[in-house]
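Residue numbering begins at 1 within each chain, and the chains themselves are lettered A, B, C and D in the order written.
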Amino acid sequence: MSPSNVLPRAVARFLLLPIGMIAVALFVKGLSSTGDGFAAGTVAALGVALQYVVFGHREAERCLPVRRAPLAAVVGLALGIAIGFAPLLSGDPAFTHLPPAGEKVAKLGTLELATSVAFDAAIFLTVFGMVVGIVRELAWAAEQETEEA
Amino acid sequence: MTDLLFLPLLVPWLAAVGLVLLDGRRPGVAWLAVGALAAHLAALAVLAARVFERGPEQAVTGEWPAGVGIVVRADALGMVFALLSSAVILAALVHETLAGVGGRRFPALVVFMAAGLTGLFLARDVFNFYVFFEVAMISAYALSTYGGEARQAGAAFVFAVVNLLGSFLFLIAVAGIYHQTGTLDMDGVTTGLAAAGPNAAILIAVLVLVAFSVKLGLFPFHPWLPAVYIGARPAVAAILAGALANIGSYGVLRFGADLLPAQLRAGSIVLVVLGSASIVYGAVQAIGRRDSAEVLAYSAIGQVGYVLVAVGVGGAVGLGAAVLYALVNGLNKALLFLSIDLRGWLVGAAFAVGAFSVVGVPPAAGFLGKVVMFRAGVETGSVALVVLIFLGGALSFLYMFQLYQTDFWAGAREVGRSAPRTRVVVLVLAVLVLALGAWPEPLLAVSRDAAEALGPEGP
Amino acid sequence: MTLLVSVVVAIVFGSGCYLLLKGDLFRVVAGTVLISNAAVLTLVGAGFTRGAAPIRPFPPGSEVSDPLVQALALTALIIGFGVTALLLTLAARVYASSRTVDLDQLSQIEATREDELEEAEA
Amino acid sequence: MTLDRRTVPTEAPEARTSEAGSATSDRTGRTAESGAAADGHPPARPDGPFPPAAALAATLAALAFAATLYAWLRGGGSIDLPWAPTLGLRLHFRLDALGALYALLATGIGAVVFLYSGRYLRLHLSHQGRPARDERSFYAFMLLFTVSMVGLATAQDLLLLFVFWDLTAIASYFLIGFDRHEAASWSGALMALLVTGITAVLLLVGSVMLFVAYGTFSLPEIIAEARPGPALTVAAALIALAGLAKSAQVPFHFWLPNAMAAPTPVSAYLHSAAMVAAGVLLIGRTYPLLQESELVLDGMLVVGLASMLAGGLIALTRERLKQVLAYSTVAQYGYMVALYGLGGAAGAAGGAFVVAAHALAKSALFMVSGAVTRASGGEERLGRLGGRWRTMPVVAGAGALAAAALAGLPLTAGFFKDELLFKAALEHGPVVTALVAAGPVLTLAYIGRFWGRIFLGSPKEAPTGPRSLATTLVAPIAVLALISLVFGLWTAPLESLAAEAGSVSLGGEPAGLSVAYHLDARATNLIALGVYTLGGLLLATYPRWLPVAQAFALVALRFGPERAYVSSLRQANRLSSALHRFEVRDLRRRVAAVLVPCGVLVTAGFLATPTLGQYEVGPLDGRDAPLAIVLALAAAAALAAMAPRSQLVLVLVLSSAGYSLAAVFALLGAPDVALVAVLVETLFALLFVAVFSLLPGGVLDREQSLSVPPSRRWRDPLIAVVSGLFALAVVWGTLSSPVPRGPRISERLIELAPAAHAQDVVTAILSDFRGLDTLAEATVLLIALAGVGGALSRARSS
């Protein structure tokens, strides 16, 4: 990385914040507007991918906890499965969300705190983990390739 | 009691998610996967026992009305295929674990495939079927690279491209089904398609048939199959031929006999012709091949032809025959493919059992398949069909025993010795094939019940 | 409208098939991306209604687009993405081991391997 | 050694067993020895204590014989257990006279042969340098064979019958292939399996036809219900064919001479008394059905006569001991088949009688040949033997008795075998009688030649084998020969058993059978006298007739069914290789193999169904102009994707197609899809570029300079256009007018979304209504990640 691309580096680092905000917004507005866990996860992952492109994988991984990306995906999916199938324990069919249809929901701003939100969060984690994981794999494979060449 | 309905799906699903993080090459991890699959199979067996005893069990996700939520149903047909597939997958995993797993993610992928297949066999929703179908398929694509050789990557690429094409055709069919019926729930789809325009319905039927023919590897959709089966490691080939191919048989039965019965009747001749072509083509190709995996790959092409012919014949007898043949064929293929890299006279005996089963010689279970096929053929009164089944059987005699003698008599498999423990699974499967032939009632009853679970075509 | 969507699906699908028939690995992957897009467009086109986005509150007086096909299309898109990502890395893997993206050469390699197998057995 | 040579006999059996056989035994003998040494098992020793496995097998068989005899004398009995109620299958066994006859033969002769095997097999194994433990599988399969024969003899259910039928074929396959390193065993075993196994399927087809017609596999029930008709004739003919093949009748006979590759005890058991007898047993068992059709009976008569004459003629020309006996078996089973074909009480009961009489004699003769061969250091050619009566007088004497029984000389059970045949033939006129009488004439000649050239004359070469033969090699021969003699004098037991067995075959009608010596000028006696005279004359002058018989044998082998078998096997392999050359091996054609048939099927669908009024253009007005424009853009981008030479440009074009589609989704009121489509397209572009960065520069552009061969220049666009057209047809067809505009699930989803606490209906569907789909979709992503990791880590390591 030559000093000449200080600007892109600064921009990239700076963009991380708005990208994160967009992701959060997409997620929070998911149930009431366009966007959902998948979109949010992808946007967030694109933000991380931008760091890879600009900083290279070593530096990107130094400042971001992305080595655990596959773990995030696994935890997300496990969480999703847990939320989906937990109702079985109380004798309800799978994917019965709480609170039940028609009942009042606690609100956090505009976000209605139903278990389906947690489910969406699980999807967010999975998608984020998966995309970042693939970007990471490709980045390392690229390094390997250049070393061989 | 919906908890038991989801349990066979939940167990492998959760287990596989956990296994992804672990290194499957460690024996403990592989045995963990085996344990998970065994638990899954046990849950499935309990559920199946209940289904056979009391009839189908059904649940809708989230307690929504059927169609709004996804309908999940365990009926006899789904249970039969789920049991077979899971048993084959478990056998292959145990086999590979005993031999030593060579890939980090192999156990996880295998368990994922079990989960995907179970979901698929439980799905009573057209789109849900597609989603689980993709879960199973992507596991299969990833699995077919197992072994890490260059040819396996190439084969996996071919496998993925051709089958993706099939999947997308199926997806287009799903879109058509929704547009024609306004629902995705299979019960609604059945009534909706019965009232749909004949042209639209037949186009949907064609797409579905093509999609499943690709999975089955029927002639002329087969050319991807030999490359994949020959390149794959024995355990993977066993899973593909013994478990994954069931998607095709099950799909043709479910979508043909259950959802599109009128189109099935109209197109029965197409099915019979396609199946017959497969039988002859697969068998003739197999005769000249000298490598075990090659012979078995072409044999697989030929054997699924019988299933298609039986579905084409239709009626209680034909559909029952299709289920039974698919069951027996799955077991045969698992047994034979798993034996490929093994040696010794016990393996020879197990292979001979498999070979006798393929050609339909009792007491190996395969003879039941031949009995029901001939029954279906005789009942249609078609001499050509009976002659074809006879001819297919005669050719299979030739290729199976040429192979058996080359491998075990002329010593093609004498070089090197396999550790005794790696033979366990193959021997267990051989005993199972013999036992099912000697006591045929379970197979016959189960396949009859499965055929009866199919809508209007059932008796 | 139906015809228009169908024609576009046909064009996208046909272009995808053309790429599948082309001689190199990455064009094949590109072809599957196109075919995947064609399938998603078909799903969206299978909706019964067209109109505003299915988000409450609905604009008064106008019809709401069929939400179910949108959910299906989303799911299909994402599945297509996952599978294509795998396919892409498989292509990279094939290239890494055989050092060519040309399918003619790859099929020649496969044929040679098979012949060797036959000879080894005979 | 190529596989073809191993699978397919290349020469006539005589030549092959001499040259090819000895050549390979040299080579494979060494392999076996080295293999034995490697396994740490020393080769079997020809002497030593009597092998316990043989003793055990013989004891078991003897016990089974005693039990069967006891049960039969106590009046038979039956077992009837449910087996597979779904198909109405029952484990139904009954020890009737027919079953008892064959079960007694199988167990009795089995016991004697097992006794003989003990010493013989050790000699055989030590000759080949194989370890003694190899004999375990031999006895296992011999016993399996015995059990299967008893089961076959008593089974009353057609499917059960088929099971035991094939079990005998399995046991026979492994016994013929016992010397698995020998080329002759290789092809002989395969041939026997193919011929008897494939024809067994005919039995299955016949049984299934009867099942479909009468709703049961139970033989007694079918017999009770059976009415003559074309269906019954076909089923009966199929069953009879299976029986004929198993009994080595023309034109299926050729497997038997080739099965002589088996060790001699196998031939003494399977190829005289059991395996071949199974065919006649089947005919006897299903005879009530077979005799409903004149056609089937006439066919059996013709086949029987042909086998009798052809077998007899060829037997006269064979050099090798076992070959003479094998062709003799073909001829002798021709007697029985002809008897059943002649029909009536004489035929049915006579057939049963002949089976027993022949089994005793032929089994003894096979053991004679084995004993002589072993005593001569493996010599089995008639021309090299001679004068052996000096060294083995007991064998010579017993052999003479057995030969006399086979030739139908008085005082042996064999005499009545001929007499019954003549009696039955006489009812069918002089032509049949003359043809039938030719059989015994030939028998007398070939068996006389066989015995004479072994035992009479002067020894051609000094015997190189063991000086004296073990008792257990000689006694079994003597026992069987003596039994033949006893039944020739004391005819009652065999007579009554055969009569009752005949009655079973006739469906319960009594089958009178009178077996006694009559010293008068009745027709059968006269014929017998004529036969002896002619046979004696033939024996005395056969060197003169030999060229004729040899010419016949040559023609039969060169143009006969064996040739057809060999060439069809070769053709099948050749066809397979030819077909394999057309097998698709590249991805393009694999893709085309999906698209082209799909197009064909879609076209067929169009032809089969009405299309008028099924297609609608759909509403389109001015407000849709933006949508039409982005759709056109998407189409244009997709078309453009076909052109670029550079991969990077391709990716850009691909992305623009994706973004255009996203715009389409947005205009169609699907903002969620549009958003995700944009994101996914962006990710694709990123991934493509990232993967391209793995490849050395230039590779992507260089590959594109490859020229397209002219053959493909038109084919690929054509296939693409065709697939586009069928996509158009399918999509347009399925998306046109949903016929019932009834309630749609999407309306319910919109209604219920608030109950799921969501304003965005699509999100409600994804996270609640169809959460299971979403979870599975997320799983696909995780699996993809696992797969990517796997593929790339290997890419790195390779």
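Quick notes on this structure:
Here is the rule we use: a contact is a pair of C-beta atoms (placed from the backbone, for glycine too) under 8 Å apart; a residue touches a chain by one contact, two chains touch by 3 or more.
Bear in mind that the values here come from a model prediction, so they are computed numbers and not experimental data.
Relative to the C-alpha centre of subunit B, the farthest chain centre belongs to A.
For the pairs B-D and B-C, the larger set of C-beta contacts lies at B-D.
Mean C-alpha positions place subunit A and subunit C at a centre distance of 24 Å. Centre-to-centre spacing of subunit A and subunit B amounts to 36 Å, using the average Cα coordinate of each chain. Those residues of subunit B in touch with two or more other chains are numbered 13, 17, 20, 61-62, 69-70, 72, 127, 131, 134, 138, 141-142, 145, 150, 153, 156-157, 161, 165, 172, 175-176, 179, 182, 184, 227, 289-290, 406. Shown for subunit C are the residues in touch with two or more other chains, namely 20, 28, 38, 42, 45-48, 53, 55-56, 68-69, 74-75, 78-79, 82-83, 85-86, 89-93, 97, 106, 110, 114, 122.
Contacts with at least two other chains are made by residues 3, 585, 587, 591, 595, 671-672, 676, 680, 683, 687, 691, 694-695, 727, 731, 734-736, 738, 744-746, 749, 752, 759-760, 762, 766, 768, 770-774, 777, 779-784, 787-789, 791-795, 798 of subunit D. The touch graph of the protein chains shown is complete. Of all residues in subunit B, only 13, 17, 20, 61-62, 64-65, 67-70, 72, 103-105, 108-109, 112, 115-116, 119, 127-128, 131-132, 134-135, 138-139, 141-142, 145-146, 148, 150, 153, 156-158, 161-162, 165-166, 169, 172-173, 175-177, 179-185, 188, 192, 195-207, 209-210, 214, 220-224, 226-227, 266-267, 270, 281, 284-290, 356, 359-363, 367, 370-371, 374-375, 378-379, 386, 390, 393-395, 397-398, 401-402, 405-406, 409-411, 414, 439-441, 444-445, 448 touch subunit D in the complex they form.
Across the interface of their complex, subunit C is touched by residues 127, 130-131, 134, 137-138, 141-142, 145, 150-151, 153-154, 156-157, 160-161, 164-165, 167-168, 171-172, 174-176, 178-179, 182, 184, 227, 230, 289-291, 294, 406, 412 of subunit B. Contacts from subunit C toward subunit D in the complex involve residues 1-24, 26-30, 33-34, 37-38, 40-42, 44-57, 64-71, 73-75, 77-86, 88-93, 95-97, 100-104, 106-107, 110-111, 114, 122.
The touching residues of subunit C, when paired with subunit A in their complex, are 53, 55-56, 74, 78, 82, 85, 89, 92. On the side of subunit D, the complex with subunit B involves touching residues 3, 6-7, 31, 35, 83-87, 89, 159, 162-163, 166-167, 169-170, 177, 180-181, 186, 189-190, 193-194, 197-198, 200-202, 204-205, 208-209, 211-212, 569, 572-577, 579-580, 583-585, 587, 589-591, 593-598, 601-602, 604-606, 608-611, 614, 727, 729-731, 733-740, 742-746, 748-749, 752, 768-773, 776-777, 779-780, 782-784, 786-787, 789-791, 793-794, 797-798.
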